[in-house]
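One chain, chain A, links the two complexes that follow: it is found with chain B in the first and with chain C in the second.
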Partner chain A sequence: MTSNGLARILWAARELRAHPGSTLAVMAALVLLTALLAGGLLLSQALTATTARLLDQGPDLVVRRVSPVGWQPVQVQDAALALAVPGITAARLRIWGTVKTPDQTVTVVAADDAAMRRMALPQTLHPPAPGEAIAGQGVILSETDGRLALQGATALMTRVAQRFPSNSDLATYDVVMLHPRDARTLLGLAPVQASDLALSVFHPEEAAALMPDLIRAFPWPVHISTRLDTRKAYAAAFGRRGGLGSLLYLPAALALVLLAAAVIRQQMGDRARMGLLKALGWTGRDILALQMAKALLVSLPAVAAGLVTAYGLVYGPTQSWVGRLLLGWQTTPPRLQLDAGYAAPIFLEVGGMLLVPFLAAVLAASLGLASSDPQDLLNRGG
Partner chain B sequence: MAADRQPAQPSDRLRSAGWLVGAAVAMVMVCLITVALDGIRGVLSRPEADAALYRTIGLNELALVPAGQLARRTEVIPGFTDGRYLPTLPRGNPGVVPLMDADRLAASRKADP
Partner chain C sequence: MLAISLECRQMAFGYPNLRSRGAAVPILGEIDAVFPGRRITLVSGRSGVGKSTLLHLLAGLLRPTQGEIRADGQPVSRWLTAHRDRWRRQVGILFQQDHLIGHLTVLENVILPLIPRSGDLRQWRTQGMEMLARLKLDELAGQPAAFLSGGQRQRVAAARALVGAPDYIVADEPVAHQDRENARGLGGLLRQAADRGAVVVVAAHDRHVDEWLAVDGHLHLEHGTLHPAS
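After this line comes the complex of A and B, so read on.
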């Protein structure tokens, strides 16, 4: 940068310091506006990407036996019916359900020894023995000795021997894993029954095409959901919340108009000073450069601060506000380990959306000042 | 020469204006560094622990909302419900409506003219 350019920027900063109150107000408003818009977009994008990545690890199809009164348990031998359908490569009987503890509702799932052996789990995690449990970080133990009272179809007292690691909160936060026998007792299932069937298919893209064959394979009515259905349900939930959030764009746009108007009004109030500078030999180009430098000195750091604030709110240690405010947690919410890598496009989008109209408004007003006659400016500004 | 130099006037804001410009540049730099670090995190560190446990547990729900809430209940996820046996259930794919089935309609008319 030339010394002339640096001097112009310093002079612009000096002029801004002459009006510290209005400068700070405009900057604070821009920071808030940017943080609001960027935070919403970043959170929505990170949540969608993270949930999609996790759901891709889940079953391709879930088959649930249904009746007019709700779901019905399946029999252990029903897995063979599913496996007889061409294209189904694995059928896993799931034993799971939602039960109460004295403090909260938790999801109970039976340990699947084979699955636990197949996966590269942390060395400290072992399948729970009868009477024991592995609990997520969000499961509250009211008993001091690590015992947990569960109330399902029957009451069950279990001892929490292990905890799921906190970096898996999204999958395990309020999940309690029990021995299959304990889980069946708690959920009211007979020893040959399971909650539903999770199926793997040879080509996940063709999971939906197998549904007619699956329906014919079972001698009772079924509800089948694909992984795509689950992903769509989560995307729709985020979309609903995002839709409500997008209502904020209207007041945000209005706030931006008011901000630009305030800056232009301030510039117009400086007409006498601009007239004086022109009378002292400043050219129209100098005046224009000064006004744009002032606008950039206010808007660029404010927008940058807003973007960094938004990033901190979504990925930082204070992120629990998402669970409390948006996801309905009354107890301590899970620490969301959200996938990163989406800041650049969102920062560009939000930065451009705010900076371009703001700078354009300042430019339009400055062009008028720069092309005016010094005498006129002195007379009208006085 | 040093004796000729005048001390800065209290009203002269040029000196402190340098700090203002420096702070502005620093803020923009922090933003750029944040974007760069986010990009590096996105490329290099994909959390795998949660994915492995999620696969092991085998559920198709996430602990985003508390257990028991409607948004967590995967059984209400719209899927395909087979209604062949129970007409009270929703029919995701109803097939041919019996009254519109020409063969069946003709057979029924023949049986009951």
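After this line comes the complex of A and C, so read on.
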């Protein structure tokens, strides 16, 4: 940038400083508007992305035994029935279920060494020993000594020896991880029983095609879900919430219109001064450049601050109220992982959505000023 | 080197008649006049006769409703706005009302015409301070213009008109609020501008102009037309 260009920008900043009240009001409105829009979109996108990543790490197919009265446990030997189906490459028994604590409902998962490795958990975590548990950040411990009372098919008192770190994935949020023997006892499973079967297939995209063969392979009724089914279910749930969130656009658009109108009105009030500048040798282009520089000096930092605020609300330590407001989380929510691939388009989209109409409004108003005769502006400006 | 000039050719001007939407209300009739460079031309006339309008036309703030204004032979009044805007950088105008921007400092007001030109803040500041010193206003450079007296404001406006060393200077009642010493100081600056080749047109109805300004030509505006003063 030339020294003259820099000097002109400094001059534009000087002009803004002359009206600190209106400048700060416009900036504050833009910050709020940006934070509101970007925050909602970022949260929705972050949840969708995090869930998708989790599901990608999960099994291709899940088989549950069903009966007229509900879910039934599977037997250890049932894994062999699944492996007999061509295309199935691995079958794993899973022990899990939902149980109650005095304060909430939690998901109990059994984990041994192999399971811990498979789940790619932090290396600081060790498999729980009998009588011990690893609890997620969302699990409320009512006992002061770190003990947790669980009520499933039977009651179990366990000691929370470790907790999932606050930056763990979303999946560990309300999870209590137990030794397999404790989990079976709590869920009412016999030593040869498990909750369901997780299957891996040779071609993940053909998982759905194997379902008829799997149904025939088991001598009892089964419910089979594919990864795609689960992803669709989550996407639909987030979509419903996202739909509600999109209602924010309406007042946001109205706010933007009002903001642009206020800026245009302010510029029109400046007509006499613009007329004076033209009389003193400023060209229409100079006036346009000055007005646009002022608009950019106001809007760029404001939108950037709004995006940073939105980022902080979704990914930072102050995110709890966003989750509570939009998703109904009752406790500190899990920390979401920022995925630049998802966040960057949102930043660009929201930034553009606000900056383009704002700058266009300023440009439109300035064009009228720039093309007028100075005496007209001086007269109409009073 | 030929001197530059401002020239009115069969120029007339009237404001639009907003009531009847009919013909313009005539202010100036067909004016033919030449304002040569290196000379100070005084335009006198009663209040309300159209002196300020004539100066605004010469400075390119208004367009004639008839005829044209030529600057150095070029029909600037017929030029497109963008070209006329650029030409106006060669004009220094001293309004009857000072038109200072109250929230800016004295120095900032003075350097306003320099900003769209080349240069940087330091250069502008140096030029502005030099001009303020010549008008004995350098001590007020950092003061907001809103706090100045009427006479000080007028001198700041004069500094603003002259700071860019313009080729065409139009000054409307430039010493209306000045004491004799300051009036002579300003008259001296206008003379210096004329001596370096500028066209200087001064409008005044003050009969004692010759006490502060040595004019080279005197035109009298009456009934919308210019005549050589007797």
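To be clear about the criterion, the second predicted complex is superposed on the first by the 321 of 382 C-alpha atoms of A that agree within 3 Å, B and C clash if a C-alpha of one lies under 4 Å from a C-alpha of the other, contacts with A are read in each partner's own complex, and residues count from 1 in each chain.
Simple rule for what comes next: contacts are C-beta pairs under 8 Å (C-beta built on N, C-alpha and C of every residue); 3 or more make two chains touch, one makes a residue touch a chain.
Since we're looking at a predicted model, the values are computed, not measured.
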Which of chain B and chain C A:L55 touches, first, second, both or neither: first
Touching partner for A:F164 - first (chain B), second (chain C), both, neither: first
Which of chain B and chain C A:Q375 touches, first, second, both or neither: second
Which of chain B and chain C A:L10 touches, first, second, both or neither: both
Partner chain in contact with A:A18 - chain B first, chain C second, else both or neither: both
Chain touching more of chain A, residue-wise (chain B, chain C): B
Touching partner for A:A207 - first (chain B), second (chain C), both, neither: neither
Touching partner for A:R273 - first (chain B), second (chain C), both, neither: second
First (chain B), second (chain C), both or neither touched by A:G284: second
Common ground on chain A, meaning residues reached by chain C in one complex and by chain B in the other: 10-11, 14, 18
Chain A - residues contacting chain C, complex: 3-4, 6-8, 10-11, 14, 18, 273, 276-286, 371, 373-375, 378
Residue ranges of chain A in contact with chain B within the complex: 9-11, 13-14, 16-18, 47, 51, 53-55, 57-59, 62, 64, 66-68, 71, 92, 94, 96, 98, 104-107, 109, 112, 115-116, 118-122, 136, 138, 164-165, 167-175, 177, 198, 211, 215, 220-227, 229-230, 233-234, 237, 297, 300-301, 304-305, 307-308, 311, 315, 327-331, 334, 336-337, 339-344, 347
Complex contacts: residues of chain B adjacent to chain A: 13-14, 16-18, 20-21, 23-24, 27-28, 30-31, 34-35, 38-39, 41-43, 45-47, 49-69, 71-75, 77-86, 88-89
In the complex, chain C residues that touch chain A: 56, 59-63, 81-82, 85-86, 88-91, 93, 95, 99, 101, 103-104, 108, 112-113, 115-121, 124, 160, 164
